[in-house]
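You will see two complexes here that share subunit A, one where it goes with subunit B and one where it goes with subunit C.
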Partner chain A sequence: METKIGIFLCNCGEAIRNIDFAATKEEVAQIPGVSCVNLSSNLCLKEGKEKMISCIKEENIEKVVVAACSPEFKEHIFRQVLEDAGLNGHLFSTANIREQCSWVHDGDVTGKAVELIKMAVNRARLLQPVEKKKFAVNREVLVVGGGFAAINAALQLSRVGLRTTLLEREAILGSETAELGSLCGFDISSMMSEVEGDENIEILTSAEVTAAAGKIGDFTVRIRKGGDEASHKYGAVVLATGYQTKLALESELKSDVNIVSQKKLCRMLENPNLEIRPRTIGFMFDFSDENSRLPTLATLNNALAAKQKWDSEIYVFCKSLKVDGPGAEKLYREARDCGVVFLKCEARPRITAGNGRVKIEAKDVFLGEDTILACDLLVAEELLLPSEGTEALSSLLNIRRDSRGFYQDENVHLYPVASEKKGIFFVGGCRGDLDLSRVLTDVSSVVVSVYELLSSGNILAEVERVKVDPQKCVACLTCIRVCPHDAIQLVRVDGGKEVAEVFDLACDACGICAAMCPAKAITFQGYRDEEILAQVETIEES
Partner chain B sequence: MNSCIVAFCCEHSAYPAADLAGKLKLHCPESLRIIRVPCAGRVDVIHILKAFENGAVAVLVLGCEDGACHHITGNTRAKERVKYCNMLLKEIEADGRHVAMFNLSPNEPHKFVRAVNEITKRIKESGR
Partner chain C sequence: MESKNVLVVGSGISGVASALELANAGVNVYLIEKEAVVGGHSASFCCKATDVCSRCSACVVPDKIREAVINPRIRLLTNSTIKKLSGDLGNFRVEITQQPRYIDVEKCIACGLCTEVCPADPKAVYPPTVEATPFCYILDEALCLRFKGEKCDICRENCPTRAIEFELKPKEQELSVGALIVATGFDVFDAKEKGSLGYGRYPNVLTGLDLEQIFGREGYLRLSINGKEPRNIAFIQCVGSRDEDHGYCSQVCCKYAMKLAGLIKYQSLDTKVTIFYIDLQTAGKGFAQFYEEYKESIRFVRGVPVEILQTASGDLEVRFEDISQGKVCRDTFDLVVLSVGITPGKNSWGLARILGINLADDGFFDTKDSLSSNETNVDGIFLAGTCQGPKDIPDSVAHGIAAASKTIQALGGVASQRRGNHRGH
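Moving on, here comes the complex of A and B:
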């Protein structure tokens, strides 16, 4: 018996004017398999949905085609309507007769609308249901790192009731953060005591990850601590491994005592017993690459502090001053009001050192003249790099890094803190140069995402939307190699044969594997070859 | 004679771009038939060839920008397949330029229309 297909036409509250709906209705009713055609003007509103549900039930419709606006906006609404009417949400196809037909063409487009509906009907005829199932997940979270971002993430995760393990490579937590604390004006000690006193947080110091396997909800991570190595299970992994800085200087200048890093300057400023008092200080940044958000903030903060404490003359050499952090503009104005001099140079200044002074030669673009400055202290330019071990950890977890070596941050299509592998997240400096307020935003987004995934202990997901046919699979590993989300693995089935299997939770339904499989063993419900070709073949009929 | 242009549109970039083209009332040839796919990487050689077999004059595969594919490698894989189809078409002495891949972002409706116009131009040049 042929499947009964119901077509629901909608004129979107008269927003579709150049289609003759009466003629369309008559014509699409002739398509084989179509049992009823309904015309509405408000299908996505309450009364429209109610009418749709009652019609599906009365006519015993098995597959639904909606010819209305773009599925980008309303697909989820109509899928829900189908579920409410007792049908599977996947037995649904749309014909986009508004944006991609009525609005994009002039004149009467009834013919094209009928064509598009035919395409949708031919696809709908082949659709198969996709069931949903609850998958149990582990509710523990691993946070790798021991800095500001990691500690905050652990504290917030524990606050929402998720058990968290904080894994730090160094012997103590927050060794770098303590210095940052005095610079940025937050109290690290209260944060540390809170994290140490939290029953929900397990702290592993001098520990490192040696192997990782598994998928979202069930990661197995081998952790080496001291001489012991043990496997632990986690539901999600948060990476907060931070960044490191490197002086961008010629090697012969690196040993000069009068050339320092921002961090060294902070230490000098904090040291009450410091005997020298630099009278002239030069700062340099933004000549090596464009990523100078953090150096800018550090320079402004340190310049102000040095002005207050030592009353030094301060000159800042930079290509551009990027004050995009909250409060940075104010800081810049304050620095200028205090008498800090900013010089804009296109080319990197020439630096020579000797006799306890550092000579900076630069060409200021506004003055148009060569400027020569002899200073007591030069705070050199620093490069921001991912921290040591980022490469090793990313290859263990099999996640990509961007061109600068940080965790993937350039793809606009991905949620900034999420990796392409579900269940692995990044926060803070390990994904680029972020100031503290941005790090806190990161932490909040990650906590919300992790909570959403793990809080209830199980995840509702579609089962076998993408499926490998074990009979056809020859275990050539193509799908495992091409899957961008690392969602396919080899399993042994009855009879000892090894075949590929898609892990439903980790799958993001892209269909790359289905296109690549040489044995055509992979089917992707909704976008099977038959379903795509049914649409392609419709054009011949016209 | 049928003169359809079949466009396989990635639902993360080209499909929203096509929608936006509609909202902005940009003009597209009426012979355009858009098929929505979850990723340009889902489009297989057989889909492109079947479109020609069924009378399409040109096939477009539209995916995300390089380095910004929602599924990381989908657009580059699609590009490889399109190149392969170019070669197959040339082999049977058809115009290989009638199948093309373009990259665009979801907020680039003008680029979508340009891609369609470009392929229309190619069709005219080859005299069909």
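Moving on, here comes the complex of A and C:
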């Protein structure tokens, strides 16, 4: 039996004047399968929509074609009308007879309008419904890491009612955070006692991930703790593994009492029994790596503290100060006001050590001449690197990293905290150099994203928007390789053959796999070859 | 449930991000916007891709706005401002004033008949910009003959959907909401304040925003005075940032200037581009590589010029201090682009007074403490985006989502307390 197609024409409040609607109506009514044609002047308004619904119901229309304005403009309204009339929203095709027809031509364009409608009808005939289904999801969350970002993430997740496992590689939580706390002036102990007393948070220390599988809502992660290894199920995974720093020093130099890291300097500043106070301190940053926001902040904070506590002479050597973070410019001014000297150099200064002093030779661009500074202490340039194990964990979870090795691709279409794989998120230093308030912003955005996914225990998603024909699939793995969301995997079907299967929840309906499949085994509903070809053939015929 | 409504003030990218996130979490949102169209500044930025994406994030904005406008949980009120606020976390009452726009958004089908028949010159009723959302025609009171006392109602008579209505007064309404998110954004620094740079006097001095809009509209760059392609362009950084009045870095100018410069170089390789700067802010995901790629083909000069003069031929003479030679130099350009920064919104002060929230020294809204960037001194009022301090598009989105998260957590706390009390009774 022929599919019943209903055509709804709209003359846009009679604003489309170069189309003869009476003639169009007559002509498109002849198309096989078209059971009714309606003309309206305000299809997108309440009255028009109501008429459309009652017509669909009365005539038992199965597929709908709307010939009106650009789908950019009102398509969502018409899809809703279909749903309201009890039809699947995907059984809808549109012919843009306003922006792409009436408005771009002078003179009568009835002929073109009729052709556009014919194309839409021929496509509509082949459309298939896409149903929605509720998928159950696991409400447990795994947070990897035990630092500032991880602890805050677990606490906030608990606040919205989600149970969390905190997995830390070290023997205790927050070993690095304690130093951070004293540096930035917040109370780490209350945060620690809160996380330890929270019944929604399970803490696993000296533990690590050894294997991971599954998709959003249903991840299976193998965790090794001590000698034991066990599998756990989670609905989402949050990575908060932080970063590490490495001193960027010439090969003949090494860190000692005169050449220190920012962290070492912090400890010296906190030590009330320090024997000798350094009288001259040199700082260096922004020569080997452009990503020096955190070294800039650390230098400014430490330089100020050293000025106050030791009243040292301080010289800062850098290429550019990275002040594009909250409060950085203010700190920079403060430091200058209290006498810290900033020397900007295009080339990396030469450093030599000997006789308990460090010599820094640089060409300062402002003075335009060579400068030599002999200092008691050099706070060396630090490189920010992904923490150990970042690479291993990213390959276990099959997620991409950026060109510096940190988590998250440089794709602007991703939320800053989201991975390309649904259900896996990043917070804090493991995705780039972020100051603490940005880390907290990350934490909050991850918490709400995870809450939306898991709080109700199930997710409503479209089923089989992308379909694989197991007969045609030759398991060439092309789709698995190109899928940016890791939503396709091989499964064994009856007869022992392996074929690709799309996991609906993880699929983002981008259509790349359908376009790439060499065997044409994958189809993307709404854009199947038949549907596109049916439109092309319509033009050929005329 | 009253506490389940949230008011988002401002519909730029961070307000939209907040609203969408709340709506997706099942919260009903009123999204109010003082202008007639949604999107704020972010909607007017152009794509800066060459043959590869330059990751400027401008393309993320229209999709988000569209998604927000069609979301059934988000009620959009354009031309609206807050008049008064009372109550506290969980039950705020907000009085809103909505200025009439004379054309009903629900009824306007953008057919264009009104513009066609309007007798005023220039036309008093016209379409919004191409990318505007909602795409509803705009009736300009200042131009309309009817508002000048004449008895004209030709557009109303001709409107097929009867969307035009003249006899409208500002509409007052009171909303009950559990919490508010302030996302009122920023103002672009007015380059005229730096008189010596000649913006507004010399036609070939443009701002970065002007350039964004020219590329957005035309796709290429021509000089307004002779229609020719500029051959020698200077970008001046930190105009309205890091100076006596603005003690902060605007965080976006180095990025947009270098990306626009990259686009100019891509379109015409022999156009010379010079960037005058104080410190280059080249940190950030993917941006360091971008800098590496362009640092040979763009001339970078340390130090920001203080004066621009126009020569007899219409070119621009830029006076700057050449640090390497230690003297004042002159260089001639046919186009100078001022990389204007982010300044606090002019209406922030008024809004801060109505809502009872604090302003920081630099004029942006102040936060409760230095670490939390979303919370204000009032429980239940949160900040999102550049109204709290300069941010680029991805940071604004993240900040908007974080504000939504804080709101949900605060309202969740209220709800569980109420449930607790209920059990207690």
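Basically, the second predicted complex is superposed on the first by the 414 of 542 C-alpha atoms of A that agree within 3 Å, B and C clash if a C-alpha of one lies under 4 Å from a C-alpha of the other, contacts with A are read in each partner's own complex, and residues count from 1 in each chain.
The definition used in the following text is that contacts are C-beta pairs under 8 Å (C-beta built on N, C-alpha and C of every residue); 3 or more make two chains touch, one makes a residue touch a chain.
For clarity, every value in this text was computed on a predicted model and none was experimentally measured.
K.L.:
Quick one: classify A:M119 as touching subunit B (first), subunit C (second), both or neither.
P.N.:
Only subunit B; A:M119 stays clear of subunit C.
K.L.:
Applying the touch criterion given at the start, work out whether A:D442 contacts subunit B, subunit C, both or neither, answering first, second, both or neither.
P.N.:
A:D442 sits against subunit C, while subunit B stays out of touch.
K.L.:
With both complexes superposed on chain A, which partner does A:V417 reach: first (subunit B), second (subunit C), both or neither?
P.N.:
Only subunit C is touched by A:V417; subunit B is not.
K.L.:
Of the two partner chains, subunit B (first) and subunit C (second), which one does A:N38 touch, if any: first, second, both, or neither?
P.N.:
Neither partner.
K.L.:
Mind telling me which of the two, subunit B or subunit C, contacts the most residues of subunit A?
P.N.:
C
K.L.:
Determine, under the contact definition given at the top, whether A:S320 touches first (subunit B), second (subunit C), both, or neither.
P.N.:
A:S320: touches subunit C, not subunit B.
K.L.:
Considering only the touch criterion stated at the top, classify A:S158 as touching first (subunit B), second (subunit C), both, or neither.
P.N.:
Neither partner.
K.L.:
Pick one for A:S394: touches subunit B only (first), subunit C only (second), both, or neither.
P.N.:
After superposing on A, A:S394 lies clear of both subunit B and subunit C.
K.L.:
Going by the contact definition given at the top, which residues of subunit A touch subunit B in one complex and subunit C in the other?
P.N.:
410, 412-413.
K.L.:
Under the touch definition given earlier, write down the residues of subunit A that touch subunit C in their complex.
P.N.:
Subunit A reaches subunit C through residues 12-16, 41-42, 44-45, 69, 73, 76, 156, 159-161, 184, 186, 289-293, 319-330, 333, 344, 365-366, 368, 402-403, 408, 410, 412-413, 415-417, 432-433, 436-438, 440-445, 447-449, 451-452, 455.
K.L.:
Going by the contact rule at the top, pick out the subunit B residues touching subunit A in the complex.
P.N.:
2, 4, 6, 11-13, 15-16, 18-23, 25-28, 30, 33-39, 41-44, 46-47, 50-51, 54-56, 64, 67-74, 77, 81, 105
K.L.:
Enumerate the contact residues on subunit A facing subunit B in the complex.
P.N.:
My answer: residues 70-72, 96, 98-106, 109, 112, 115-116, 119, 400, 410-414, 420, 482, 484-485, 508-512, 514-516, 524, 527, 529, 532-533, 535-537, 539-540, 542.
K.L.:
What residues on subunit C touch subunit A, complex-wise?
P.N.:
Answer in residue numbers: 21, 24-25, 53, 55-57, 59-60, 70, 106-107, 109-113, 135, 159-161, 242, 247-249, 251, 254, 277, 279-289, 291-292, 302, 323-326, 370-374, 389-390, 393-395, 397-399, 401-406, 408-409, 412-413.
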